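In what follows, chain A forms one complex with chain B and a second complex with chain C.
For the complex of A and B:
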C-alpha cells in the first residue's frame, strides 16, 4: 500500500490551522512588497497563487538579521548575564523550496562544526520543514547544476508536489512520518496521483534551463586565483552593496556588537558581509581593501573554500543574487568565463 | 581537508553551555608598560573556574567591556603561573581605549581560550630564537616564561626584542630578569635611542642578522608588526632557517573567535580556528596572500 497522501488545495488552510496548534507555522507572505516566510495569519492561502520563492531566504528564520545573544545588567554584586527568552513554539515552515532546504543543510555544517552555535541550532533542530516543489522557476534559477532538483528534496521532512487541484504529500524523514501520522484529514494517494506527480516533477526539472558547469570548479578557481586582471574586470561594476550576501540563503557572516542604556545592555549579532571593506579592517591595515579581493572572496568562499572544508559547494543556484543585484552582476556568467581551460 | 590543525582536543570552558556567553573576570592589577600599552592582571570571579581553567601559550581570548564590545587579545602570562592571568593592550580604537580607562576591580567578560597555541612538543629539545617587536612580545612572553619554567626541556634561548624608542619597550621588568638570566641571551634594541640609552640601536631584522643565531636544531618564533615580520623571514632564511623552522602568530580582524563569523579567513584557513600560530611553511602554502 502506498504511504503517500494527498490533500485538496482548497483544504490547505485547514491543514495549516491544524498544524498551528502545535507549531508556529511560517508560510510565504508579502511584507511591504517583499516575499518572506512569516507567521501564517490563520486564514490567507493566496500565496498558493503568487508564490515562486521568497526574497528573504529562510535562513532568516533560524539566523535572524539581528538577534539578541544575551543581556547584561550591573548591580552592587557586579555583572549578571541573562539569555533571551526563547520561543517554546517550534517552527514549521510551509512551502520551503528544495534549494533553500539544501541551503539550511549547508549552514548546519558551519554552525555545528567544532563549537556548536546554540542560537541557530536550537531553532533549527526543533523545526519541521514542509517542502513545496517548484512549478514556475525563475530564469535565474540554476539549482539543477548544483545537484538539486526543483521538485524533490532530502533536506525537508515532508515534500509536496502540485498535481492539479491537489498536492501529493511524501514523507521524507521520520519526523515527517510522525507528523503525518498525527494529522487528520489527509487522503490516500492513488496510482494515478503518483503518476501525475512523476510527470509534474519531470516538467519542473526541465523548466530550469540556466546551467553552469561545476566540474573541476575548485581547481579552475585555484588556477586563476591570482589573476588580478580577471578579478578586477569581474568586480568592475559591483557597487559593494552587499545585497547578494544578505539575501543569499547560504551566507552566514555576522558581526557582534553591544548596546548600553543606563547600566542595562545587550549583545547582538547581525548579518555582516564580505562585500564591505570594514568587514576585515584592522587598525593598521586591511587585507581586502580592494573591491576585487572582496568579490573574489565571495566567489571562492562558495565554490572553492567551502568545498575544501565541508565537501559541498556553498551555493544552491537559487538565483537570488542574480535577480536582486542592482547592477546585474551574474555569478553564473562569472563561473562560465573563468580564464582557465581545464 | 578539514582545518589545517586538529582542534578536537581543545578544552572548552563554556559559560552555561553557550560558547558566546562570557565568563566574568575581575581586573586585579594594571601595569602601564608605556603610554600606549597597559597590562591587566585578572582572575575569574568564579572560584571553581580559577582552578579548572587551563590554556596554552599563544592562545587568545575574547574580552568584553560590557556595553562597548568584545575584542581578541592573547593571554600574555604563562600557563605555569596559576594564581592569575594577564593580557596586554595597545590603544588603537574603541574597545582598546575603553580598556585603558578601566581601573582595578572592574569586571570584564572573557571567553576562550581560542586558537591553537605554540606546538610545545615540536619546540622541546630545540634551540629557541625569539624575535619580537613592540606589543608583539605579548604572546611570545607567555611562551618564554613557559620555557624558562621548564628550562631543562629546551636548549639555548635567544631573545631579540625591539621597539621604536626606549620609552616604547614593553615588559621592561621581564627584560631585566631575562638579561640577568645566564641561560638566556637577551638582546634589546630600539629604532632610535635617547640621551640615556646605552643599548643597541637598529631595526629588529638587522640586529637579528648581527646576532646571527645558528639555525642548527633551532626554531625561530616571530611576532611583531607586519612590516617587521616581512623583513624577519628573509633575514632568518639568510641565516639558514628553513620555513618549517619559523613560527609566527597572525592577526586578523576577529569577532567570534571560533570560525563562524567569517571575517578572519585567508583562503580556506580561519586564523581564529586554525591559528593564530602558523609556520612560515604553512603560510607559504596558503591559497591566498591576504595576510
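For the complex of A and C:
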C-alpha cells in the first residue's frame, strides 16, 4: 500500500519555498488583476482562502495567449532564424483543479498524439502538477457529468485533499512519488485522515449540481447537425467573442502572424477562436460565415468530433464558458435542448 | 411592469406589428438575465424586467431582419437612436418598449460588499434606495449607490428618451457622480508617466477576446481596423502595445456614439477598467462639442458633422 502523507495548511508556504529551489512554482494569484496561475511570490498563501478556480485556465501556462516561435533577421543572403531560448526552469503548478488537469490530458492528444508541438511539449513534459481538490464548486461547474470528480484526479502528479486544518497528499504518478521522496517535513497520514479525505471527496462530488446527459451525445448531435432553424435560434444571442474558446481549458486553436520592422522580425502564435468570423481567413476562407455555423462548430467539436477522433469529450465541465459569457449562453442548456430523441 | 411588457410584446407579434421581440429572460445562473430574441409570441411570457438586465440590447438590432420590438433602458434607448442617426436602423422598423431604469446591480460590487461570490448568495433585492443581500440566511442592507454599476451612478437619462411604449412612470436615478468618477479621478491625479505605467499594466493582461468590441452597439464596423491586413495597423497578437492601440482607436471610433452603457467594462474577462477611457471620451465630447450621443434621431452623427466654429476651438 502506498503510504499517504499530510501537511498542515499553515505549512504550505514552507512546502512551496522548498519546491521553489527546484522548480518555478506557480500558484493561484490575483496579482495581475485577474485570477491566474502565476509565479509564486515566495510568501503569500492567502489564495487558500479565496481560490475556487482561476479565470485564465492553466492551459495558458503551456500554451500561452501569445508566444514567439522564432525571430529572424533579413540581410542580402536571406533570412537568419533564431529559435527562442527554452526556459530551463521546470514549472510546478500548485493547486490545479481536476477539470483543468484533465483538460491538459485532452490537449496532449492534439499537441502530442496528432502532431508533436515542440513549444507545448517543452513546457508540458518538464512540468509537475500538484492538484488541489475543490471544496466549493461553482454553480456553473458540471465536471461530474464528464467523469470527473471535483476532488479526485489521475491527471496530476500529486493530489491534495482538504481534511480540515491539513491536506492529505496522495502520490498519483512516479514523478509525484519521486518528488515526495525528496520532500522533507511531511507527516504520515493516519487511517482517520484517509477516512476524512474520502468523506471530503464525496461531499465535494455531491456539491456539483449542474448536470448534462452525455449518453449518445455524438449521435444526437449528428442527428440535428442540419437543423438550421435550431442552431439559428440558439445562436441568436451569441456575440461571437473569444471568451468561451480562449478561456476554455481544452480549446487549442491558434493563429500565426509575422512582424517585420526594418530588417528584423518575429513570428508569433496567439490564441484564435472558431467564434470569430475571420477564423481561418489566412490560409483560405472561413467556411462558417453565418454565426449559427460557428456556434454549432464549438458544440460539435467538443461533443462530437473530438470523441470521434480521440474517444474523449473535449469538455471537462469547468463552467468557465458559462460564468464568463457576456450573454449567459449556456452550453449545458443547449445540450439538454437538442431537438432529438435518441 | 413585467406583465404589461409581456402583454405588449405578445400583442405586437400577434398583430404583425413586429417580426421580432428582443428583450430579457431569466438566465441560467443566479441573478443572471440573458437576451431573448424571438419571433414566437408564446415566448413573450418569459420576458422579465429586473435590476439585473445588464446587456445593451441595441447591439442585436442590426442582427435580425424585419421590424423589431425591443426592450430598452435609458442608455440602451440612446444607443438605438444613435444607430438611427448612423442609418443602421430605420425609426419605423423599431418599436421601443421603454423601461424607466432605476439602476442595474453590479454583481462584482455586491461580491466585494459581502465577501462572497454571486453563486453563494441567497438573494439580492432592490428596496427603495437600498439593496438588500441575503447571505447564509442573514439579510444585509447597503445603499443602492454602493451596489449599482458606476455608469448607472452617472446616468443622466435613466428614462428612455425615445420610445413607443413606456412601461412605467419616468424614473429618477440614484446618482452619485463622485463615486461614478472615482477611478477616473484617480487616474487624472497621476503623472503622465504613472498613467502610462497603469495602462501598460492593465493592457498586459488583455487577451484580445474582443468581447468589449462585440458587445458594444457603437462598434458596428463590418471589418474592424484590427483585422485589416493591408495595411496591418496592429498585430492580432495580444501584446500590451497592440492591445492598447486597439482600445484607444476603438475609443476614438465610438466617440459621439458611446452612451456610457458600461457594457465593455462589464464583460471584460480580465477586469480592465475600460470605462475609465470611454467615459472620459464621453465627457470630452460633451465639453468640446456640447454633444451627447443618441439624444436626437434627426441630428447628424458627431463624427460626420462639422461646423466652422469648431475649428476655432480645436486647432488653436
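Here is the rule we go by: the second predicted complex is superposed on the first by the 327 of 342 C-alpha atoms of A that agree within 3 Å, B and C clash if a C-alpha of one lies under 4 Å from a C-alpha of the other, contacts with A are read in each partner's own complex, and residues count from 1 in each chain.
By definition in this document, a residue touches a chain if its C-beta (ideal position, glycine included) is under 8 Å from a C-beta of that chain, and two chains touch if they have at least 3 such contacts.
Since we're looking at a predicted model, the values are computed, not measured.
Aligning the two structures on chain A places chain B and chain C side by side, free of any clash. Shared-chain residue A:66: touches chain C; no touch with chain B. Angle at chain A between chain B and chain C, computed from CA centres in the superposed arrangement: 90 degrees, to the nearest 10. Looking at the shared chain after the overlay, A:181 reaches neither chain B nor chain C.
Judged by the touch definition given at the top, the superposed model places A:241 against chain C, while chain B stays out of reach. Using the contact criterion defined above for the overlaid structures, shared-chain residue A:304 touches chain B, although it does not reach chain C. In the superposition on chain A, contact is made by A:255 with both chain B and chain C.
In the superposition on chain A, contact of A:288 is made with chain B only, not with chain C. With both structures placed on the common chain, the touch criterion links A:85 to neither chain B nor chain C.
One of chain B and chain C touches more residues of chain A, and that partner is B. Following the chain A superposition, chain B and chain C show a smallest Cα-Cα distance of 6 angstrom.
Shared contact residues of chain A with chain B and chain C: 255, 257, 259.
Interface of chain B with chain A (complex): residues 1-3, 7, 12, 15-22, 24, 26, 45, 64, 66-70, 92-93, 107, 109, 225-226, 251-253, 255-256, 258-263, 265-268, 273, 287-291.
On the chain A side of its complex with chain B, the touching residues are 69-70, 72, 74, 78-79, 81, 83, 110-111, 113-119, 222, 225-226, 252-260, 265, 267, 269, 272, 274, 279-285, 287-288, 293, 297, 300-301, 304-305, 308-309. Partner chain C is touched in their complex by these residues of chain A: 32-34, 52, 55-56, 65-66, 136, 138-140, 236-237, 239-243, 246-247, 255, 257, 259, 268, 270-271, 273, 276, 278, 322-324, 326-330, 332-333. By the touch criterion given at the top, residues 27-30, 32-37, 55, 59-60, 63-64, 117, 119-120, 201-202, 204-205, 207-211, 214-215, 227, 235-239, 263, 266-267, 269-272 of chain C touch chain A in their complex.
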